[in-house]
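Sharing a structure with you now.
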C-alpha cells in the first residue's frame, strides 16, 4: 500500500463505523427528533461512498456487491409496501397501521407501522444511493485531457 | 448559585468573543493572503481555534449533558476531519503541480525573475 | 430585548438569503462546470442553515444529509461523463428565456401580495390542517415528532410514492448507465498497479 | 380483508409491489421472457380491477377510499367518480395490450440484459399514471406524476440503442417535464398557503367564493405545469422527439396515456378544485385556453403534414388532438366537457393503435420514415389495415371513434353558440386528412423500393393487441352507450350536478 | 478481538450519548442491533485494523491532544497576527520532515497534527518523508515539528502487535 | 445576545469565504473556501439551535461534521484520477512532479 493517501485512509477507517452508527441513530430516532428513513439512508450510503472513494470501487463492491444492492432496493421498498399490504390483510385500509394492534389503547400499531415503513425507506434509499454512485463511478470517464 | 452562573456567562462571553474573532480573522486571511498555500493556513484558524472555541462556549451554555455530548462529538469530528480536508485539498493542488510562493519575496518557482 | 432578538433573526435570514442569491447568481454566470458543482455545494449548505433558521429542522436535516453527502459526489460523478466547460449556448433563445423568467417571477411576486405575513399563526396553512395535525398526532399516534407522524402515517401513502420515486431514479440510472446500457461505454475494470486509466 | 372494500387501491398496489420484483427476474437465460409474461399478467390484473371499479362507479356511485384509515382531509383520499374511472380503464386497458405487444418488439430494440429493468420501468410508469388519475388528493397527484415522469424519461432514453438521438430527446423531455412538475408543485404550494388543505374536494370547499392573487397565481402555475406535461400547444416542444425516438412499445403506451392523464388533471383541477364559476375562470377559458387550443389544432396539424417521420407526424397530430380536448373544456358547458372526455378516451385508443402499427413497421422494415411505408399494404397487410383504420378514425370517418368525438365536439360548439369553433374543428380535421392520407397513399399506391428485402407480417403477439385496439376503435364507434353515456354522466358530476 | 470489543464499546457509548434515552428498552434494543450491524459491516469493509481502530495509540492519546491544543493555540496567535497585520510578513517555506513514527496510524496522527497547527500544512506524503508548507520563517521550526513527531511516536505502544507496522 | 455576536461573526466569516469562492483564482482556492464554509455552517447551525431555543437539535451539526469532508475527498479524487472508481492507493495519471527541490 502506498502511503500517499495514508491520512485519508486512516481517517476514513476511523470514521466509517461512527458514520454508519449515526445513520442508524437517525433511522431509529425519527420518531423523536428530526430525521427518519430517508436521511438515515443517505447517511448510510455516504459511508460506503467514502469507502469507495478511498479504497476503490472494486473493494467496496466486494463489501457490498451490486447484486445484494439490487435485492436491498427491492426488499426496502417492499418493506414499506408490504406493511401496507399487511394492514390490508389484517382488515384495515392500505397503510392503516391501527390494524396491526387494534386492541392497543395508546396506538402501538401506529408506532410499529411507522418504524417498519421508516426502516423500509432507509433500506431502499441507502441501497439506491449507493447503486447510483456505483453506476456513475463505475464508468470510464469520458472527460478528455484536452478538455481538462 | 448566581455567582456560578455569572462566571459561566463571563467565560462563554470570552470564548464567543475570541472564537468569533478567530473566525473573522481566518476569513480575512483567506481573502487577503497572496496564494493558495498561504490561504490554507488562514483557513486553519477558522477550523481549529474558531470552531473549537465557539463550541466550548456553547458547551458552557448547554442546558443538558446530552447537548454537551453532542457538541463534544461535533468538536471531535471536526478535529478529525478538518485536517483531512485541508490536506486533501493541499495535496490535490500539489499533485497537479501548483507550486507555492516561497521566501519573503513571495517568488513562485519558475516565475520570471 | 424581544424586538432586538426578532430583528436579529431577521438579520440572520437576510444575510443568509443575500448569500444564497449571490451564490445562485454566480452559478448562473459561470461556465465552468466544476465551479458550478462546488458552488452548488455551498448553496446547499446555505439552504440547510436557512431551513434551521426557519425552524424546519426535518427539512434542514434532509438538506444536510443530501447536500453534504451525496449530491456533490454524484454531480462530480456525472461531470466525469462530460466535459469540463459548458459549451456556449446559442444566444438566439435568450429573449424567450428572459420573457419566461420575467413572467414566472412576476407571477410569484403577484402572488406574494396576498400572502399572510411571515409566521402568521392565523394563516390558513397554519391554522387549518396544520393545527389539526398537531392536535391529533399527540392523541392518535404514539410518536412525539409530528413531522414523522404526518409523513409516515397521515400521509404515509405519499411517502410510499416518494420511496417509489427514489427507487425509480435508481432504476433509471441503472437503465441508462448500467451493464448493457445504451451509452455503450464499458465499465471500468480496476487495472493492476502501474497502469493508468485513460 | 374484503376484496370489494379494498378494490380502489388494487390498481395501484398490485403493480407497486410487482414492479420492484420485476428487476430481480433473470434475463440472461430467458432473455427477459419471464419479466414480460409477469408484467403482462400484472397489467391484466390491474385492468380487471379498473373495469370492476368502473362498473362499481357506474352502478353504485363514486367511491371514496381512505388511505391509512384517515378520513380526508387529514389523510389521503382516493375519490373515484366516472371521470377517473374512465381514464383508469383507458390507461390500464392500453397497458394490458402494450405489455404483450412489447414481447417481440422490445427484444429487437433494447439490450437483452436490460429487459427486466425495462419492464419494471414500464410497470412503474403505468402505476404512476394510474395513481395520478385515481387520487383525490392534490399532492398525491404530484407524487405519482413524478413516478410516471421519471420512469418515462428512462423509457424514452431506451430508444438510444436504435438511435442515439433518443438521449437528447429524453433529456429535453426531462428538462421540460421537470419544469412542468416544478410549476405544478409551486402552484400546489400557493393553493395550500391559501387554504391549508390538499384534498381536492376540501380545497374546493375552502376556496369557495374566495379569490385572491395567491389562488390565481397558484392556479396559473398548476395549469402551466400540467400544460407542459400535456404538451399543450406552445409547450409541446419536448414531445415529438420523445415519441419519435422511444422504443415502439413505449411510444404506444405513452402516446396513448400520458398526455391524456395530464389533460384529465387539468379538467380535474378546473372543475373539482377551482370550480367553473370561479371569477377568473371564464377569462382564462375565453382568452387563454380557447385560443391556445385552436392555435394548437392548426399549427400542429400543419407541422404534421410536413413530417417525414411517421412517429413524429403522429406526435404532432397528438398536439393537435390535445387542442380538441382543451377546446371542449374551454366551452365551459356540460356538452363540451363530455366531448373532451369522450375524445380523451377515444384518442387514447386511436393513438395507441397507430403507434402500435408504427412499431410493427419498425420491427420489420427497421425505420419509421414515411418512405419505409411504401407498398406496405401488400407486404404487411394486417399492419397496414390497422394503420388505415386507426388513421381514418383519427380523421373522424363515421363508424369509428374519431367520428364520435368530433361529432360531440361539433355539437358542443354549436350548442354553446360558437358555430365558428365548430367550423374550425372541421377545418383542422381536413388537415388531418392530408397527413394521414399521405401515409395511406404511400402504403397503398407506391410500390416497395426495388432493393427492399422481403418483409413478413409482424408476429401475432403484436398483431393481436393491435387488432384489439383497432376493434375497440370500431366497437366504440358503433356502440356509444359506454363511452358517451358515461362521459355525459361524468361531465354532469364534474359540473357540480348530482349523479 | 480486542479491536472488535473496543469498537463495539465506543459505538455503544456514541449511541447512548446521541440518543439520550437510557430507559427505553426498545431504543436500547435498536442500539444494540445497530452496534452489532456497524461492527459487522466494519469488519466486512476491512476497517478493523490498526489504522481503523488504533488501539495502540489510544491509551495515551488524550494527554497528547491536550498538549496539541496548547500548541494549536500558540500557533493560531502567530498566524492571526499575520492575517490582521497591515503588511503581512510572509515568507512561506517548504520543509522536508522525516517522521519518527512506526505505524500508519501514528504517521497519520503526526501529519494531521501538523496540518491542524495553523501555519504548517502537510502537503505531501512520500515514503520516508513528508513535505510541509510553513507560513513564515518562525513557524518553519523543524525542531518543534520534530518534537511533535517524537511525542506521537511515544504514543505508539512498544509491543505493537503487528498490523499496520511499516 | 452572546449567541448573536458569535452568529454575526460566523456570518461575516461566511461572506468573506464566499468572496474567495467567487474570486478563485485557482480551483483549489474555491474548494478551500467551500470547505471552510462548511465548517462555519456547522457552527452556525449549532448557534442557531441556541437562538431558536432548541439546542437539542444539534444532530444536523453532528451530521455536517461527519460528512462535510466527503465532497472534498471526492474533489481530490476527481483531480488525481479523473475517475471516482479507482482506489487511491494506486498511482494517478500524473507523473510525480515532486523532485529534490522541496526545501527552499
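Details
Should a chain be cited, it is by its letter among A, B, C, D, E and F, assigned in written order, with residues numbered from 1 in that chain.
The rule is short, and it goes like this: contacts are C-beta pairs under 8 Å (C-beta built on N, C-alpha and C of every residue); 3 or more make two chains touch, one makes a residue touch a chain.
Quick caveat, the model's predicted, so the values are computed rather than measured.
Graph distance from chain B to chain D, where chains that touch are one step apart, equals 2.
Ranked by distance of CA centroids from chain B, the top chain is D. Put simply, the chain closest to the centre of the protein, by Cα centroids, is C. When the C-beta pairs in contact are tallied for A-E and for B-F, the bigger tally goes to B-F.
When every chain is reduced to the mean of its CA atoms, the largest separation from chain C belongs to E. Between chain C and chain F, the centres computed from C-alpha atoms are 19 Å apart.
Rounded to whole angstrom units, the spacing between the C-alpha centres of chain D and chain F is 48.
Chain A and chain F, compared by their mean Cα positions, are separated by 25 Å.
Between the CA-based centres of chain A and chain D the separation comes to 35 Å, rounded to the whole angstrom.
The set of chain C residues that touch two or more partner chains comprises 57, 60-61, 65, 68-70, 73, 77, 79-80, 153, 156-157, 160, 162, 164, 167, 169, 174, 176, 178, 183, 188, 190, 197.
Residues of chain A in contact with two or more other chains: 2, 4-5, 7-9, 11, 14-15, 18, 22, 26, 32-35, 43, 46, 49, 53, 55-59, 73, 77, 81, 84, 94-95, 97, 133, 136-141, 143, 148.
In chain B, 26, 28, 40, 47, 66, 70, 73, 77, 80-84, 86-88, 91, 93-95, 102-103 are the positions where the chain touches two or more neighbouring chains simultaneously. Considering their complex, residues 7-8, 11, 14-15, 18 of chain A touch chain B. Within the complex formed with chain F, the residues of chain C that make contact are 5, 8-9, 12, 15-16, 19, 22-23, 26, 34-35, 38-39, 41-42, 45-46, 48-49, 52-53, 55, 57, 60-61, 64-65, 68-70, 72-73, 76-77, 79-80, 188, 190, 193-194, 196-197.
Those residues of chain C that touch chain D in the shared complex are 104, 107-108, 110-111, 113-116, 123-130, 132-133, 136, 153-158, 160-162, 164-165, 167-169, 171-172, 174-176, 178-183. Contacts from chain F toward chain B in the complex involve residues 2-3, 5-6, 8-10, 12-17, 19-20, 26, 28-29, 31-33, 35-36, 38-40, 42-43, 46-47, 50, 55-56, 58-59, 61-62, 65-66, 68-69, 72-73, 75-76, 79-80, 92, 94, 97-98, 101, 104. Listing the residues of chain E that touch chain B in their complex gives 14, 17-18, 20, 69, 72-73, 76, 79-80, 82-84, 88-94, 111-113, 115-125, 131, 133, 135, 137.
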